[in-house]
Every structure is written in structure tokens, then in C-alpha cells.
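What follows is a set of structures for review.
Two complexes follow with chain A in common, the first pairing it with chain B and the second with chain C.
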Partner chain A sequence: MITIRQARASDEIAMQNCNLTNLPENYHMKYYLYHLATWPELSFVAENEQGRVVGYVLAKMNEDMTEPLDGHITSLSVMRSYRRLGIAERLMNQAQRAMFEVFDAKFVSLHVRISNIAAFSLYRNTLSFDIDHTEPKYYADGEDAYSMKKDLTALYSLEQENLDF
Partner chain B sequence: MSLTVSELPHKEQALFRAALKLYEVKQFKKGLKTCDQILKKYSSHGETLAVKGMFLAHLDRKEEAYETIKRGIEISPKSSISWHVYGIVCRFDENYEEAARCYEEALKADSENPTILRELGQLYTQLRQYQKLVEVRSRIVKIDSSTPHYWLGLAVAHQLTGRNDLALKVISTHEHILLDESSPFKANNSSYKGDVSELLMYKNWLMELNGDYQTALDNLKEVRPRVTDVTAWKEQKAKLLLKLDRKEAAASAYQDLIQRNPDSNTYICGYLSCNGLDISRPEDKDAVLEIIKGLQQQFPKSNALKFLPLTFCNGDDFVKEADKLAKFSLRKGIPSLFTSMKTLYTDKVKGETLGKLFEGYSSQLCATKRLDDSTDDESLSVSTWCMFYLAQHADYYGNYERALQLMEAAINASPDTVDLYMVKAKILKHAGDIRGARDVMDFGRQKDLNDRFINTRTVKYMLRNNEVDDAEKTIVLFVRDDAEHMIQEIVDTQTIWYMRERGHAYRRLDDIGRALKHFHQVSHSFETYHKDQYDFHTYAIRKFTIRAYIDILEWEDQVFTHPVYVDSAVAAISCYVDLHDRKAAGSPFAPISVDTSKKPMTRNGTAKSGQHNLSAGVGESKPAAVDADPNGSAFVMADNHLEKALKFVEVLERSVGSQPETHVSAFEVHLRMKKYFLALKSINSLRAIDDNHPSLVPMVVRINTALDADDSFAAPMKAALKGQLTKVFGDASIAKTIEENSKYLPFALAGAKGLICLGGDTNIAQAKGLLVQAASERYGATRTLKSLIEARDLLANVGASESERSTFAASAKKVFSLATCF
Partner chain C sequence: MEQRQLRPVYDALDNEDVKQALKECNKIIRKHPNHLSAQALKAYALARTGASNEVLEIGESILKVPRSVANPHVRQALVRAYKSIRRPAEEIAVYNAALKHLPDDESIHSALFLTTASNEMYAEQHHAAVALNKAFKRQRYTWWIIVSLLLQTQLGKGSDNTQLQLSLAQRMAEKALQDHQIKNTEHLRILLLILEAQNNHEAMLKALSPDSPLAQQIANDPDLVTQRISLFVKTRAFKEAMSSASQTLEIRDNWADYKHYVEAVTEEIGQLADDSDAHQLLRNVCGSIEKWSQVRGRARGARLALVELSAKLHCSGYGDRLGSIVSSLGDQIWKYVDTFQNKAICYSDIMQYFVDHVCGSSATQDPSTTISVAFIDFHDNQLSQRIQHARENADNSEDCAQAWVNMEKIRYLLQTLRGDNNPELWTKDVDLFLEFGLDPKKAKLKQAACSDMVLLACQRLIQAAFLAYPKEQQQSHGLLSRSLFIILPILEEGIRLNGENFLLKLYAIRLYLYLSCYSRARALYDTLNIKNIQNDTLGHFIVGQGLALGCYIPDLELSYAGVSFYDRAHFTIPHELESAYKNGTYSNIPDFLEFRNNLKHSFQREITHRCALRSETISQGCSKDVVETLKAADTQSIEPTDSMLASLHDNRDVKVMGLLTPLGITEWNLEILTRPSPLPTENWIRLYSLLPQIMHYIAAADVDMVEAKQRQLLNAVEEAGESLSAYDKTVAHGLHHIASVYICLSQKGDSVDEKIDSLVKIIETNIPEEQTFDQKAAVLDKLPLATIRALAAATEVFTYAVTAKHAASSNRLPGSNSFGFALTQLRKRSLRCVSALRAWANKPARAAICESWIDTEQPMLLSNVSKYMQTKHKQAVDVVVKGCVDSWLKSAKGIVAHWEHYATPRRSVEEHEVIEDTWGDLNKKRLLR
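Let's turn to the complex of A and B:
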């Protein structure tokens, strides 16, 4: 079935297409390139048997230097016809672990529309995010967002690598 | 006057420096005023004129800008600043070749200026002149050998010229500057740890590329404590161990990777290789299956492991594994089950086996509400998903009526499941009922108005049904409310799928102007994608994301091979050729007038949320233009249609040479422009890809005919060309090639098209004859919906009689009984 792997430059048009197909918050190609050229370890795609990208997570570290280094999910989306395979969960798991390992992130945060029950449930129940606060009129159409947060330190620990090989 | 800046009086020197500072902070109006202050006293000071030109360029006064700069350079031809400024302005206009030339001039007078050298490096990278890049970056390192991103940039340049060994050498020589305990780059540098990690991983990769696997492996062990990209390190470990044939250690490494991501096909196949197994070798099947089963036990949730056995198992094993996966998926309600299984259907036996399997479930569920391993009655949805699968199975084999029956049953059982409507619509589309398809898709959309996915699908189906206005009304439901110009927003967000589909819709409506407009918009998006890399030539190196950067360069080299671009380019060429042909035939296409009841939409330029423009700053965003050419008349009224088409041809020939459409399209343009050698080249390129391509012989016949008719083409060259053609193709004849491929509709269609282009009563009659017969039995499965629609359109264009057209339509309807397009 679906394979999960790190995003590469050649995936960007497909990621943009997935984003434009599924979500109203869209970005220029340069923004995708910016993610890959700054935090290449953090973005992942789900690829179907025919080699098509059917889901992606675009992730970064927060750039506000006054705050501790946290991971942030810029965008996550899976094509509707690929539901019930746990793709979103798998993409998020890979991204989160990378945030911790590569950048020492202590937390990961994201925004979700307060009306988006399905997404909220994924983050709250499946992925154990908590609501940190509400951001009024966060979205361009005026809808509020929940800013959700998850503690990564409890999940992962630095493993001891076996160098005897 | 050719006074240098330093020869100006104090006051003017200060003003000049102030002007340069104003440029850096993008205060262009103030900068312009400052220059004018200098020019008041020294009206022909070369360098000030040049700098003034630079400000003019950024204030959109382009012509003046170039004039002023050129004047400045005439006066001070040896001034580095003047040439540098000229280079900046050319670069701003994306004229990179010219910019590079200016920068080289600037260097002559100021050979060690790091800014000029660095910017020139960016230009050479963009132009893919890697040897020159090496030269430029070598000079920078000579001036400053400690700053890491300088020597790192040089290493990258060496790698790009294929000299991994030299890249390694540069790194080995300089790395201590960054790696040492006492490194000056450590303090107050929050990215130090990451920079070090990337340097080490990049170096290790170079060792691997250089073939030094053992050295790389030893090095990998050494550097682990300082590497933060753990995944990359582990992947590299596994890869190198496998390359060194250390199978056991490699297997353990891949195990570790699978643990971290059990859904990676790469890791799983890597693990299999370590056991000496190849998934495609029949003799390995049992061993592979056993290993996969072992992994499945360890990682029961992995989707990849569930599916993999189906790809290599046969016979009873296949049935067993398929049964397992099928039941799991039906019970879970996974909509993409058939899409996954579809890849197996290239194996006829597997396709049939799966059909039987699901039919079995269906009857069992009908009779007993259970499957053979159920402990209780199955939920109703299992049977619904089963019918859903069988409908798609029937659709795959072209049994559209059966497919639709099954979909009806599924929908009756579960009328709110949107997936069902999407697939029903797809089946109707395959069957040739595009109106029905669109209606069903829209019906599904109404069930979930919050979902953009089905909105997107509906818009696409509306466009396929040529409903351009309805599609527009539907897509804007999801465009940001605060975008003042909705349609511009769609273009700005690079919604290439929409622009392409809309272009094709207009083409079918014979609105060539608007069609071209849209294909140009797609092309423009791809040009933007290609230009986007520019800032990263310095950004990525500073950020120490070298491996990702090289990946970006490789992608950009291939960006125009993307199917949406190729399709749009081919369509644009076809539009321009059509415009040319109509004009040449005396009935030029007239642009279709604007619908004046629609208000032109305007928008003030604002920085959009989510857009991250690396070089954007205060004062740089320009207001978006009102749509000055809504019906694409500029494209239509241009008097050099073939030249415009040629631009697309050039991109295709340069970047997409491996695809047949490139050469088929290119031929049309070259032939009409009477560039016979180029046309021959297209034929040869096409032949190299597919020596039995249906378009080949018609192309040969047409070029021969054109050569015969062209008295102005020199006789010896004509003979040479024709000689080459005869040597390869013999006595090419359209009738003969159609006869030799009598079971294949593509040959009949290509032949008919060729005959139509050749013109004349006999040829046209022959073409009509072929087209009327396009749905004959003898063409079997090559009678695809697309081909038959093409035949229908060709018949209409060639002036076939009503009776000829209805004869064809009747026979086409026998093949596609549900089609509404015949």
C-alpha cells in the first residue's frame, strides 16, 4: 500500500497540488522550497503504488528567535480518497521525531480550525496534542483556530547508537 | 565626467555612499533624489548616473533606467560600480546571461570584491555554467579562506562539475575551521551544531560518490556523535554496509530503520537485499514471503508490509495473502482498496482471481451476512465496500453497465458516503457520459460543502463538460474571501491543474485566444518554479543544507518534464499552429469578444499570508494589474504565431526530449517554417524513441511532399534530405503503414491526420473513409474513448457529410453504449 518517506524537491509540485486540492490555505512554490532548503529533514510524503503523492506534511522549526525552539506544522493534508489508512498519523510521527532528533525541539505546535472536527480529533485523540490557546480570526476567512501543542520530550529520548559494526 | 567617486568632493562622496545605503534598505525614491542632488552639480558623473539608473529600474521606469545606466558606462567604462549596477539591473530583469557579462566587466576593475564574486557565482549557477562557477568561487576562497560558506560553496561547485574528489579535497583542507574545539564560528551561533552535522554528512556522501565505501563507513562511525540528522546517518550506514557486502550487519541496520518507519518500501526492500533476496526473482518467492511474514508479526500495523506479498506471490499464496488484506480492508472501510489492487491487474490472472474473490465475498454476505472467518454478522458497510470494489473492477474491464449497477446498489445502501459518488462519476466519465459524470460529482459535492477535495473534482468535471462559468463559480467557493480578484488569486497560487483544464475546455469550445491565455499561465507558473531556485544558490549554502540544495538543482533541471507542463506546451503549440493555418487559408480566427456584463476585477497588491518571498522587503510588492486581455486577443492577433509556438518547442526539445509528443509537436512547427533539417531531426528523434510510432510515416510523407513543392529550397540539399529519408524509411506510404498495422486505431488516426494535412480531394476522401470506419471491430481494444472522440472531431473538421458522421456515431455507440458524445 502506501509508502511513507522524506519529501524531496521532486515532490514539491505534487505537494502543492495536494494542498491546492484539499485546503484553502495555499502557498507559492517558493515557500515549499524554503522549507526544504531550511529544514529538509522535517517534511514527509505518502506515496501510493503508482508513485503518486497522496499526502504530505510540511513542517518547520519556529523562526521567532525570542521563543524556545519549537517545531511547527505548516500544513498537513491527505487526499480524501486515501482515508482510513492512518497516513496523517504516520506522517506526523515521522515529522515529530525528526524535530526532536535533528533540532532538539521540546514541543511541536500547529493550528487547526475550530470547526474541523476530524482534524481536531486526529490531533487531540490519536496524536495527543493539547489545546494551548485559541487564536481569534486566525484564518483568512475569519475563522478562529485552536493553537495546539505537544510535548516531545516525553515521547522520545536520545538513543545510544551501536557503533560496533 | 569620468571622475571616480573618490575623486569627487567630500559632500558628494557622502551623498553617493548614502545613495548606496538607501538601495540596500530599498528606499528607491529617496535614493533617486540623492543621486539627483549629486547630478545637480556634476551632471555627467558616470557612476552616479549608473546608480540613478538602478533606482529608476526599481521604480518601474525601465527604459529610462537602461538609458541612464548605459550613459553612465559610456562616461566611465572602467568603473566597477557602474558595471556592477548594470549587472544588478539585468539580474532584476532575469536576464542572467547579460548580467553575468556585466559582472565580469565589473570584476576587471575590482577583482577581489567579494560581493561581486558571490553574486556572479549565483548567476553562473543559475546558468548552469559550473566550470565558471568553480573559477569564481576559487577566487573568493583565495581572498577569504576561513568563512565556511565560501569554501563550502567551492566544494559544491566542484561536485557540480563532477569532481567529487576535488570537492572532498576542499572540505578536508578547510573543515577544521568549523570542526575544531576552538572554532571561531562556535560562539553565539545557534546553528553551529546543525552546520557541523551537515558538513560531516555531506563529506560522507562525497566519499560514497567517490566510491570509497570503506573509508566512508569508517568515517561514519567516527562522526556519529556530532551528527544530528539521525535518519540520514542510519540510512547511510545501511547503504554502505550493503555496498561492502556486509550482509548481516546491513540487515541489522535495515531492521533498525524499519523499526523507525515500518511503512517504507525502500527499507523493506533493502532488508530483503541483505538476505540475498530479490523480490522479482521467482525462485526467491518463498524465502521472501517468510521474511515478510516475520516482519509483519513485528510490525502488524504496517500497510506496506500488508500489500507487498501480493506483488510477488502467485497461485495459492496469492489468494491467501489477498484474502487477508481484502477482509481487513473491507472491514476497516478503506476507500482506496481497488486503487491499490489495480496495480496488480497487469497480471491477468491476478485480476481475475481478485474478481472471483470479491464476488465470493459478495454472495456469501448476501446469503449469510458473514464471511468464512466471521465470528458474528458483519456490519452492513462491509457488503457496501465489497460492491464498491466490484464496481471498480467491472469498470476496469470496460463493463460500464455492470459497474453502474453495482454502484447504484452501494449508493442505495449508503447514500451519504461521498466516495461512492466520486467513483460513480468516474465510471460515467469512462463510459463517455461526461454530463452524467459531472452531475453525479456535483451531487456528491453537495453532501459535503466543507470539503475542498470534492469541490476540486467537481470543478474538473465541469471543465471537462466545457462549463467554464459554472466551474469558475464553484472553485471560488474555496478561494480566500479577502482576495479582491478571485481569478487572479487562482493564477497567483499556481493552481496549474485548473489553468490547464480550463485551457482545454476553451480549446474544445474553439476559443483559441482564451485557451492560449491559460496554457501561457501554466507555462508562466513553471517558469516561476524554475526561477525560484535563484536565491537558494547562496541561501542554502549559508544554511548548510547542501544535500537538499543539490537535490533542488537536480529537480529544477527536470522541472519542465512535468506532465502538466508538457501537456500545456503541446496544446499551446497546437493552438498557434491552428491560428497560423487558418490565417494561411484565408479565414483567420477572430478573438471571441468579452462578455461586457462582467465587471473587470481589480486588486491592490498586498503581501499574501503564507507567501515567503526571500527577497521581498518593504516597498517591493507591486499592485496587480487589471486583466488587460480577457479574451486572449494579444495571442490571436500576434503576427508571428509560429515563432511563438517555437518558444514552446525549444523548451520541450531542450528538456523533454525523451517523450514522443515533443517531436510530433516540434515537427508541425519546423515543417511550416520550412526548417526541413529541423523537421528531419524531429522525425529521427521520434524514431529513436519508438521506431514504430504511428505518426512517423505520415510525417515522412508530408516532409517529402513539402520538399517536392518547395522550389526555393536548394536542389542538392533537397536531394540529401530525401536521400536520408529513403534510406531509413524506404518508400513510405500512409496507406501501406495503415495496412501493416490494420488492427491498431492509432495508425488509422495518424494516417488520417496526415492525409488531411496533405490536402486535395483524394487524400481528404481517403481520410474520411478511415475516420468513418474508426469504430470498426477490427481495431478491437485500441478503440479507446479518447481515440473515438478524436475521430469524431476530425470528421467534423474535415467537412464530412451528415450521413458520414452519423454512420460513425452509430458504430461508436456500439462500443460505448452509454456515451453521450456520439
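Let's turn to the complex of A and C:
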């Protein structure tokens, strides 16, 4: 069973093991730590009952200071045997909510390989992202990416949380 | 003006051309001997070459010049130089010197703070923060003081003022909270850490209460919500814990919250004297869980919570009292399996509950001690009602296939818990798994389930092989080797059908290494694309194995990749630590420090470093130059002190192999069974730290130290016992005898010939007779498990022996000639044997495999599997034959080349051209300087 919690530096070990076969991208330690040191509220891990990290989302705020502020999903990964359980959706929702709550983000964006049909369908059908444009040769191996975007304001602004938790 | 003069230096440094940078600096210094910026940049350029002493000398002379570091160019270059050679005290001295002249410069104060913070100098960090806050009075600096106080108490050297410092930090943080200076949960988390350090749970609950100014952020932060519930449980406020958990479970599905909820419910029931109250409470709880299970996507968590609740109630002895409301753990487990059997994750979710039920929840370490046979029979009975149905329907859909996989995993677990040691029971039905898992059409449609089935088949067969041919017999006959060889084509075919399955690759790597096939194992390892931190966690699968199998250069490359990762980490983490202070993201700081510490004192780091040192020494062959290199080497830094060994942190991932059984049952732990050699321990590190040290003292002709280190070596080997492999023991004994010979030569002892004979005997014992390779079957009995490793160990010892001989000759020790003569004779005899191995691997090996392992009529445990694979998947069998033969040949060539190139730097004959470029790179990376 899964617990979603904020990512920590020591999770980097588990996050990269999670990437063993899931992603061709396996970022340098610097990049993970940079995210955690700058926007610790935005990155989350999914931990199984043995405390093993089985998925994660690494997210950040765009740094060009343009208005409106928008967040960006850097990397999302769920181990193969833990797919089709809604973990990616939970991780994404948590990150998006934090972007809105903590940084007042209005949009969230991401890139996805045009060949990654499963991920594209998750973003478009389950998480309601739209294609903003296509970025040619975005990935190091020359593959194009869809740049996808989602409006966060409509999602959370009317939501009234019961604070008596 | 200064900028213009320095431009060529900066350009050269930007281009990583240190030589040019030094040239430009010297040019400026020749014209302007007092040019401090050029001197500081020269220090920086020298730092990049590792010339620490020169850097310190230049730095000292610059600091003597009044106001020198008031110049930002000088200051920055000097600080960077000290940073490069890891001298934080000198860095701090630069900033303190600068502050004398520029006391109001906030950036220098700030840099001083960050230097102390990133070098774990907690007391100095606190002083720097106080000075900053006093001078500039910013809110950020108040928090720097608070964090410094916390770190000083948690990580600093023992202080008498811990409570005082924590109280002060608490007061400052609470005041900030009252003044509404706490704007986000980052600050709040620091306050919570301070309170936790004082076990002040009540105050933590207050800080997390709905009255907090940060209530909204807390409510949306899953960690803080969970922390609040756990605090209620810790303070035995079970009603509040239940209420809080219940509210959060209405909107979230976090397993940690379910666990706390169930714990609180169980504890609360224990406090209720009246059964009807307990029944009512339990009915309400079950009703809530049932309600949550109806929400889309939440059924799994809620249903598992019922299993957890049942487990807890039965464990606490309330099972009989409340059995009418929550059914028994066994029934709950099977209800869960029935509902979620088509999910890949079902087995992982439920495995621990099977173990708890059969063995009792306290038996996690060694479940075999408290097994309940009645419960196993119960589960066997439940399983038998379902497994046949699952098998029959597996072809229907991916979900049905997954259900079968889960049932088979449960069968595997129950067999383990029962302690089935009949190999036949483990191979039963494997043919069905193979028919299903290796069917290309099915593999296309149901890839995950098919790969799982292939893996399951291999896990069963490996288990059966190790049960049939126990450890004590493994070295003496080839049946285990043959069995593992038969399993390999299954893994190869599975990998061909699903190249992304890392588990199949990990098992294949392990089996190939077990059979002494380094090259094929390495090729598979390379496809895993292991990099960055994975060198630390997964490097243990292969680092050092090349050395043990005569593949020195590939092993050295891997070791360098590992070493360079740790070096990068050393600079990366402090940089991000500084960012955390600058960004005010304080919650990560203790975690960053712990993470850095775990990497800095990583077990695998020390192992990789020792392997690199050995590979470097061996790869230089038996040349005389190596004596000079060893003489100049700094071996003090690898002194294996007790405190160093005690501080090591083990990041090696030994759970990555997808085990189906609890780690505690070691006889059924495939990760342990398939290790080609024992996992290195502290004793291994001690041994391979002493090795370069002894060789260094031999090269430096320091006989007293050789004697001292030899004694340490003996103690280390004795203490290590069976934790060392046969290879390590050979190296240790060989080194001990080399030291004895050298001491005897130095002291002009009478028994030198005797000692040389003993050394030669140790090496010769590990070299097989030349005639061995005439008998095809006999070679295969021993080669995969012993011969190549023994030969490689003999080669390593021989290399050190020749180096010691060179050292003795260069010190003009009498008797060094007879030492050299003995080694030359040994070399002649050994070369014939290792050449015979090469010749055997080059041709007869393939035929030997076919005759003894494949086409043999001799019935054995896995004969049927072997026949099946030959008939249906001949190509995979061929891949394994080729993989084994090629790998043995490469090992043989590596070893032969070493003995052939007796007096010249060793290069693998076969890889000579390929490695030409690599060799150049490797030379740049050398650790032995």
C-alpha cells in the first residue's frame, strides 16, 4: 500500500533505483538536490508498505519570473509493477496542489515524449492537460516533445477546505 | 587593468587548461612579483592539480600581506583554491582576515556562514549567524541562528548546553510564529524538529493545531497531517488520533494514516472495559473503512486496512472477543487476495500478513522459529481451491495472467515458510511457467505477467539447485554449475522478450558471475545504464568481480566511475546546502547533511576505492616503476581505524532482486545464495587497506612498519573468518608471506629460502596442473566455481611478490637475486598452466559444455528443463554457451597477458587497441599518485 510524502535528499537513492528501467533520463544528483533545495514543497515520493520508494514526482517553479507564475513537472516515474493503481495521479495532484497553495501558480506545464503514449494519455485523459505546442528535438536522443499545460486556477480557487482537520 | 591582465588566466581556467593557466599566472608574476590576484589564481590552478602543499604555501604568503584579501579577486580565487583542496579552516581564515578590513560587508559575513554551514562546523556556524544577525538584523538571519542551534545540538560534538540551546532555539522560533514571521511550512518543520528533539509532543501538537496561522498549509501537507496523527498516538490520545485520521482518510488515501488509525483503534479497544462499547467502536470503524473503499481508486487501501485491523486485533489478543465483527486474519487475507489478485502489486501488499499469520508478527527476523503448521495448512487449502482455476484462465486476459502469477508467488512463500527442502517440490510445474512465460505471442500481449512467470520459474530452479547441491559440496563437483547453466538460457530468453526487465538481468548477472563469466555479466550490467548514485547502491553487483576473474581494465573503469561519483557528490551537496539556506528551505538541511554523511562514509565507496587501488597496482604489471609509485603513494588516508570502520554507512541495495520471501530466512534468500563471493564487510576493507599500506612500506624500505602492518593483517584475517572469500584469503596469505620474505631479506635472516618457498607454494597451490585441461569434464567440474578465481588470486599475489622483489633489489638487499630467481622459475611453470587454460577456453571449452552440460545422458535435477530449452529455445542456449566461453577466454587472456608481460606495464593483449584511448583516460584518474 502506498503513502505519499514529501521527497527528501536521502530519497534520491530510491528515486534513481525507481528509474532503473522506467526512464531513459536519470538525472545527476545535483539536479535532484537542486529541486529539493529550492522547492522542497513540490516534490513527492510514493512509498510502499516496506518503505520502498515506488514512484516520485519531481517538480519546480519556472524561474523566468514572468507572470502568471507557472509550475513545471520535471519528472514523473512509477515502477512498472505499481502502475494502474492511480499512484501517478496522486503524485501529480499533490504536486499541482502545492504549486497552487505555496507558490500561487496559475498554470502547470510538462514535456512528454511524443512516443510515450501511456504517459501522454495519462496527462491528457486523466489529468486534463492540453497540448500547448510541440518542441522539436527536445530530448537528448533527438525525440520531439509535446509541451502540455493545465490551468490550476479553475481547479482550486473555488475549493473551500474544511480546516478543522 | 587587473581584469585585463587576468583575462588569459580566466580563459584558460574556463577551458579547463590548467597548464596554460599556470603559464599565464607565472608570466604575470614574473613581470609583477607582487601581483596578488595572479598569485591567488596560481594557487587555484595548482589546487586543481592536487598540489596542496604549494597552495598552502602561496595562501600563507598572500595572507601575510596587509589588506590582501580585501581585494575580491584575491579573496575569491584563494577561497576557491582552499575549497578545491578541502581546507575549510583556511577558507574561514580568509574571510576573517577580510572582515577585519571590511566589517560591514554583508556578503563576506554571509559567505563565512555558508562555509561553516557546508563544512559541518556547527559552533562556528552559530557564531557566524549571530554576528550576521547582530550586524544586519534580518529575519532570515534569525532563522540561520535557529537552524544552527538545532544542528549544533543534533549533529555537533557533545555539548553540555544542549537543553539550553534547544530552549533558546524554541523560544526564537515560537516568537517568530507569534510575530507571524513563519510564513510557510519550512519554518514550521524546523520548529517541530526542535520540539521533537526535546520530546515535547504536546507543543508539537499545538504547533500543528487548526488554530495555527498556517492551518491551511498544514491541512494540505500530507507529511504534517500524518505527523499530527502519529503524535496523538504517541501521547496516547487515541480518540483524537482516530478522529484526526478519520477526517484525513475521508479525503486522502495514505497508508501511513491507515496504519496510525488502526493502531489507535486497537489501543482504544484495549482501554474499553465493556465489550458492547468495543463492538460499537469496531462497527463504526469497519463502517467507515467500508465507506472509503467505495470511493473510486481507494478500495485497495481500505481493504488492506481491514487486513491490518484484523492482524492488530489478533496480535493484541482481542480476536476472540471481536471475531463476530472482524473476521480472522486468514479469512481477511484471502478476501483481499480474491479482490485484488489481478493487480501486480497484490502479492507485495499481502506477503507480510501471510508471514505474520503463520509465524506471529514478532518473528520477522527468523520466521522459521515459530511456524504454525496449522495456519500453513489452512493457506495451502485456500490456495489449492484457487490456483488451478487461475492456471486454467491465465490465457484469457492480462488480469487473469496476473492472478496466476500472484497465486504462484503465494505458493512459493508458503513452501518457504514450511521449509520445503525437497528440490523436486521446487521444480514442480516449472514447465507450465516456461510454456507460458516464454511464448513470444503471449509475451507480446501480457509482457509483465510473462516476465514475472519467467522470473518465478528461475527463482524456483535456483532454489532447487541450491537445495540439491548444498554449499559444502559446491566446490567439489560440477552439478551446481550445470544447473545454473541450465537456468541461464531461460533468463536470456526472458530478457530477449522483455529487454526492460531489470530483475531478469540482475539474476542473469549473478548466475554468470557465479560461473566465473565476467564479460557476459558485465555486458548485461552495462545495459542497466547504471549511473550516478546507482554506483553506490548497485555497484556491489559487479565492482571487484573483474579483478577476481582476471578482467582488470573493465573493473578499473567501473571503479573509477564510482570514485568520480563520490568526488562529485562531495562538491554538489555543499552547494545545494548553501542554496537551502539562501532560499529559506530549511526543512531539508538536516536531511542533506545526513545524506552527505551517508555518502561520505559509504561502505561501497570504501570498497570501490580499494578495488581501484588494487586494479591500478595490478594494471601497472610487474614493472619496476610501480615501486616508485607505491613509495610516493599516500596510504595514511586509507588507515582502517576502528572509528572509520564504525562510521561506515551501508547504502548497498540487497533488496532489489524482487525476493518473494522475508529477508530473514537466509537459506531461502536468493540474493544471498547467488552471491559469487561474500558481500564485503569491515574486515574486507581492513584487509584491502592493509594491502597497499604493506606494499608502500616495502617500497619505502620501512621494515618496522611492514612488521606492524603484517601483524594487523594476521589479526584482520583471523577476525574475518568466513566473511572473506577463498580469493581474499589467498591474497591475504600471499601478502603475509611477501612481507615475511621482505623482512627476512632486510634482516639478513637465515630462513629466507624457506620463506620464499612458502610464498611460492601459496601461489602454486592456486594454479592447476597443466594436464588438468586435457580432461574436458573435469575442467568443467571446477573451472566455473574455482579455477579462474584461484588463478586470478595467484596472479594478484605474484604481482605483489615481483614488486617486493624489485623493492628488495633497489634497496640492494642480499638475497633479492634468489628471490627473483624463484619468481622467474614460478613464472615459467605458471605460464604453461595459464596458457593451457587459454587454449582450453579457446577451443575445447565449447565442446566440453556440449558434452558435459547439454548432451549428457546423466539424469539430474534440471534435465527436463535442459531438454525443453534445447528443443524450444536452442538460440538462447547458444547465447549462454557463447557467453560462457567468450567470458572464460577473456579472463584467461587477461591472466595470461599478465604473466607474459612480466616486466612491462600490463595491457590486455586482446584489448590492446581498444583500450589504448581508455588507458590514457585512466592514467589521468589514477588514485595512486
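Keep in mind that, in the parts below, the second predicted complex is superposed on the first by the 152 of 165 C-alpha atoms of A that agree within 3 Å, B and C clash if a C-alpha of one lies under 4 Å from a C-alpha of the other, contacts with A are read in each partner's own complex, and residues count from 1 in each chain.
Note that in this section contacts are C-beta pairs under 8 Å (C-beta built on N, C-alpha and C of every residue); 3 or more make two chains touch, one makes a residue touch a chain.
Predicted model only: the values in this text are computed from it and were never measured.
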{"item": "Contacts of A:Asn125 with chain B and chain C, given as first, second, both or neither", "value": "neither"}
{"item": "First, second, both or neither for A:Gly142, with chain B first and chain C second", "value": "first"}
{"item": "Doubly contacted residues of chain A, that is, touched by chain B and again by chain C", "value": "1-6, 8-10, 12-13, 16-17, 20-21, 24, 26-30, 33-34, 36-38, 40-41, 48-50, 80-86, 90, 94, 97-98, 101-102, 161, 163, 165"}
{"item": "Residue numbers on chain C that touch chain A, as the complex places them", "value": "184-186, 210, 215-223, 225-226, 228, 244, 247-248, 253-258, 297, 300-301, 304, 343-345, 348-349, 352, 448, 500-502, 528-529, 531-534, 536-538, 568-569, 572-573, 575-577, 579-580, 583, 585, 587-588, 591-592, 594-595, 598, 651, 653, 655-656"}
{"item": "Of all residues in chain B, those that touch chain A in their complex", "value": "190, 194, 221, 224, 228-232, 237, 241, 246, 249, 252-253, 260-261, 263-266, 301, 303-304, 306-307, 332-336, 339-340, 342-343, 418-419, 422, 450-454, 456, 478-482, 492-497, 525, 528-529, 532-533, 536, 539-540, 543, 545, 547-549, 551-552, 554-556, 558-559, 562, 564, 609-614"}
{"item": "Touching residues on chain A, where the partner in the complex is chain B", "value": "1-6, 8-10, 12-13, 16-17, 20-31, 33-34, 36-38, 40-41, 48-50, 54, 69, 79-86, 90, 94, 97-98, 101-103, 115, 140-142, 161, 163, 165"}
{"item": "Interfacial residue positions of chain A with respect to chain C in the complex", "value": "1-6, 8-10, 12-13, 16-17, 20-21, 24, 26-30, 33-34, 36-41, 44, 48-50, 52, 80-86, 89-90, 94, 97-98, 101-102, 161-165"}
